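Two complexes are shown next, each including subunit A; its partner changes from subunit B in the first to subunit C in the second.
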Partner chain A sequence: MGDDQYNYEDDYDSMQIEKQYSLQGVEILDIKDVIQEIRKDILELQEQLYFDEDNTFELLMHYNWDKEEITQKYFTNSEALLADLRMKGIVNNHDKIIFNGLKGCCSVCFVEGNLIELGCTHKFCESCIEQTIKQRVYQDKFLIVRCLQNGCNYRLPFSMIKRYSNDQEFENLLCRRFVDCSRYLAYCTGVDCNKILKPQYSSVKEVTCVCQNKFCFYCKEDLHPPCPCDLVKKWLAEIKKDEANVRWIVVNTKSCPFCKKPVERSEGCNYMMCKPPGGCGKAFCYICSQPWEPDHKDHFKCNKYVAPTANIEKEKEVLQRYNFYYERFLNSQAAKEKAMQRLKQIKEQYLTSIFKHYQFTYQDSQFLEEVMKELIQSRVVLKWSYCIGYYISKTNQQSAKLFDHYQEIFEHACETLAISLIKLFDEIEKLDHTQSDKPIHEQKKDFIEKKERIQNASQKCCKMRQNLEVAIYQGEIYM
Partner chain B sequence: MQKTQTNRLNKELQDFNERQKKGEDSGISILLVDQNITHWKGFINGPSDTPYSNGYFQVDIVIPQEYPYKPPKMKFDTRIWHPNISSQTGAICLDILKDEWSPALSIRTALLSLQALLCDPQPDSPQDAVVANQYKTQKDLFVKTAKEWTQNYASKNKQEEKVQNLVNLGFEVGKVREALLRFGYDEEQAANFLLGG
Partner chain C sequence: MQSRMAKRLQKDLEQMQKSYADQFNVRMPNNDIKHWIVAFEGAKGTLYQGEKFELQFKFSNEYPIESPEVIFIGKPPEHEHIYSNGFICLSILFDEWSAALTVSSVCLSIQSMLSSATKKMKPPNDAEFVKRAAGRGPKSFLWSYHDEKC
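Up next is the complex of A and B:
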């Protein structure tokens, strides 16, 4: 391990050459690059605190790689910090480890042979230590391995863990842990991509990986303009909760008429108690959802007809409102997927057809791709605008009205663009099969006209989209 | 690997038997299933002064290939009303059977920990939310239910009664015992099994 520290500078240069940069100022890192950073961090802190490498590593792991926090705590009161870390088993005396010369019966496998004495003085055979480390690292995906003795806080030094586990697996885990802790790095969210991205500026929010996957660097979700990350998180949680639970809740529960919490009747009579601590402790009738007192006497009968109350109506409204936005959110998502397919078709099929029939070059027909990209972008913004619509503050009438207005005209512009594109695609698809009566120069003229119309529609859509985005970013619309 | 595991398990069995002879470890015992060293049944006597006293609880123990570096898989065969044990499946929530396992622990110490868990439920890390909730908010009702379940599923008398019931239906006594053990003394499931097989 010690030797590795000194030659990393050599490796570093060759690494620089291989480094790939994507278009938007995002650096793509390899695991090796990250491991270098980790080594650098360890070395730096080690020199600052006069710690050995193993304990420095544990310290960084414990404080989620926050070097400032560690040094600040250390220089405020180093003795108190050390005492605390020793007690928790984070800082250990690894010098005492004895590798050779001890013989005896291992208390784990009961086999006689060579033993290793750990810094805590517990002794085990090499094989048991190795198996334990492998199990923890490979199977359980832990980087911290405690002494094999039950209840012993001592942590095996990280150099030992590294030696007995497979290097690659160890580095993978270490790298993941480091990236997860870092504010400047993130794993690409693309399927099976595993690239590590590092934007050049901390203000970069939307990143694109070399695999073409785009995501939000802050919340690691798909891009979600113009919605802020916290709303996205709330909304996605709502959807998840909803999918798993709403159906079950609707079928199996009733809402307590007092506190509105869903109450489940597993079996038994109609007397329902909304049980504390989750519930409010009041009783109602399961059949008519009315307070039990004073009308109900029989636990199994309820003949009382109840007109739907304001409460039930209100709950329905809440659900309907959610469904309204969720449905539109899903529709926009589906429309975006379709637009992506179309973009693929444009590249693979339509451009060739256009060239074949009208002899238009790539420069004349390239607008299709640009317009399609605008439509895709607009679909994404439209999709997330429904999330905003769901959470928008109802107290500020002005902002809600403004939002409705911007969203409505934007949606209209977006649909207009989509419809005119579909019409054009239909015509392009027909080109290969049917002959037109019109002379070719008129056909060409028609196409140019359509092109201009579509470009206008696209510009309008783009403008409406930006209006909505700007209003949100500048705080005219409140959430 | 396999050899060291067999060696260790044999040592554990030997240790268990020696302690049983000396009369240590009152309240826990074990049995191999089909002479298979990696599948055991553990038995725990419900500790006195708990709702589980006079109960005789059976625990299924499967030993994974990676044992002792990985914990044994344990679950209750006998149905039990306890915040850290699923009332439906018998799954157990106990730290040493998960992340806190240490290779120096053994089946014996794990069973002792389970016995301790019966004395001292941990409702804040529940396996069964319903039971845990009841434990916290309606202790009396919890104790009552746990006692009833112990009576119904875990008492020796009741278990013998169930054996007799099924024998009376015309099944062979050995098979009845086997089936009841298999289903944690759930008479209905055992009867269905006997009818089906």
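Up next is the complex of A and C:
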């Protein structure tokens, strides 16, 4: 089984573990903490290989911070490794750098003055070296700076790059590079959040940052239960390509044989004009794509008639299928956002109103928050279930049937819950504006009835959601 | 105090006028030190012998740390690595730029690129590229070099 293939059992386990550790199982780091880890890595490797700090850094950068790979290669054949690295300009004799005492004309700015001689013996003035480093680090976001001489492979030592660039900028870049290379770290995907997350177990998949942003640690997308990461990736790529649009053009239009622009056929006849201003103004036959003038001119004589091929019908079917799932995917997303607004309203408005109108305290009405969270979670699962639905029906009929069944009852339960909630919210909002003519004890009874209905609906929704999730995680439904 | 860019361009100009006056003619159409036109002729004994070309150099304040923007203006030479809009596919103008390169070394590189051509032809993706490039500068592209020499 390849690395990128999905293992539902693992995932099911991780779901179990994550339930226990979702809060305490993730360490939240700052750039400073990561820089500490980098220092540790450099020191460790330095001691193992007897390298200086600069070359150790170059080595780690070159091998994407994979210490095991470096030591393994080094201890297999250190001579060959070093020869190869020297050729690439990665391991250098930085001891040879001369900082003081040299005078001459800098070959970059052509100004006479003090020069620095680099390990490759090329000489430049300090200001030109400094400016080059700054340009490379700030503008190009690179941590590797080559000698300024045309064609020279020599890399400026890490300590020199650090000295001449702004500390913070340098550390930001270094940290970003290190985190990108690491399997155990990830930047929070939240807006303007610079925290770095480090789960304590590799099985932790769904993570929450201190900024409250939640994301999937494996694929760095928003949470997507119960959909596996590889499908999410495929699905998002599909949406991005906007294939539907392209497919529509393929199915419903023909390219003009003269200017190759797509022309839509609006009426039934075979005379097609590529209309200006968009088109070229020439006419052709819809069926055979031959120019109308001077020889065609007849609607019926086209002997090259080809009935809409099976291919076009298939394209149409594929398009419709995609649109079907995509539309429902988007609807669930919208419903989830609506539910999140409602959750906010509950906290800011409804709980107070409930106390005012029904004289129920926070303890009696707190269930609303719990239920709303269940609804939000269900909307997310429902949303991603359409992604699974889109792919599953193509591959496995048996599973598809089972999936449809689970999804259908889950969706029904989810809608029932949403409707029961809306009824209560409408009632509360009505009471905010007009006095009820019912006596208070009847109102209270009403509310308790509604509460029970909502709690039952929520329990059912939760159960149906879990049934679907477990069926997927345990492999009862598979693709 | 003059900036590094201005001082360096002064030196570049001196070099062009002292050592290469017979090959390259430099003018600054707007009296702007950051905008040069370099005129030259195709070298004798090459496919471009006698043809007149003009290169436009635009320098940023970061020159020579940052590479200049160099394109052909007027009718560009018909060459495998020169697009009809004047863009030049030459690695030293982009990724391989070195601060130690000068205007004259760039001009010489371009001339030698022309001189080594064995047949006149446009780049394979010329039409498509020129269309895509409309309104953009050469430095906004990620260039993939058609061959090692370029």
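Everything that follows uses one rule, which is that the second predicted complex is superposed on the first by the 389 of 479 C-alpha atoms of A that agree within 3 Å, B and C clash if a C-alpha of one lies under 4 Å from a C-alpha of the other, contacts with A are read in each partner's own complex, and residues count from 1 in each chain.
Convention: a residue touches a chain if its C-beta (ideal position, glycine included) is under 8 Å from a C-beta of that chain, and two chains touch if they have at least 3 such contacts.
Note that the structure is predicted; figures quoted are calculated from it, not measured.
Visitor: Figure out whether A:S289 sits in contact with subunit B (first) or subunit C (second), or with both, or with neither.
Guide: The answer is neither, since A:S289 touches no partner chain.
Visitor: Should A:S332 be classified as contacting the first partner (subunit B), the second (subunit C), both, or neither?
Guide: It touches nothing on subunit B or subunit C.
Visitor: Considering only the touch criterion stated at the top, classify A:K275 as touching first (subunit B), second (subunit C), both, or neither.
Guide: first
Visitor: Between subunit B (first) and subunit C (second), which, if any, makes contact with A:S399: first, second, both or neither?
Guide: neither
Visitor: I'd like to know which partner A:S365 touches here: subunit B for first, subunit C for second, both or neither.
Guide: neither
Visitor: Would you check which partner chain A:Q377 touches, where first means subunit B only, second means subunit C only, and both and neither mean what they say?
Guide: neither
Visitor: Should A:V111 be classified as contacting the first partner (subunit B), the second (subunit C), both, or neither?
Guide: It touches subunit B and subunit C both.
Visitor: Specify the partner with more touching residues on subunit A, choosing between subunit B and subunit C.
Guide: B
Visitor: Determine, under the contact definition given at the top, whether A:N150 touches first (subunit B), second (subunit C), both, or neither.
Guide: both
Visitor: Just to be sure I follow: which residues of subunit A are touched by subunit B in one complex and then by subunit C in the other one?
Guide: After superposing on chain A, subunit A residues 107-111, 127-128, 131-132, 135, 139, 148-152 contact both subunit B and subunit C.
Visitor: Taking the touch rule as given, give the residues of subunit B at its contact with subunit A in the complex, in rising order.
Guide: Residues 1, 4, 7-8, 11, 66, 68-70, 96, 99, 102-105, 109, 133, 136-137 of subunit B touch subunit A in their complex.
Visitor: Can you check the complex and tell me which residues of subunit A touch subunit C?
Guide: Residue list for subunit A touching subunit C: 107-111, 124, 127-128, 131-132, 135, 139, 148-152.
Visitor: Hey, which residues of subunit C end up touching subunit A in the complex?
Guide: Counting only subunit C, the residues touching subunit A are 4, 7-8, 11, 62, 64-66, 92, 96, 98-101, 105.
Visitor: Would you mind writing out the residues of subunit A in touch with subunit B in their complex?
Guide: 107-111, 127-128, 131-132, 134-135, 139-140, 146-152, 275-278
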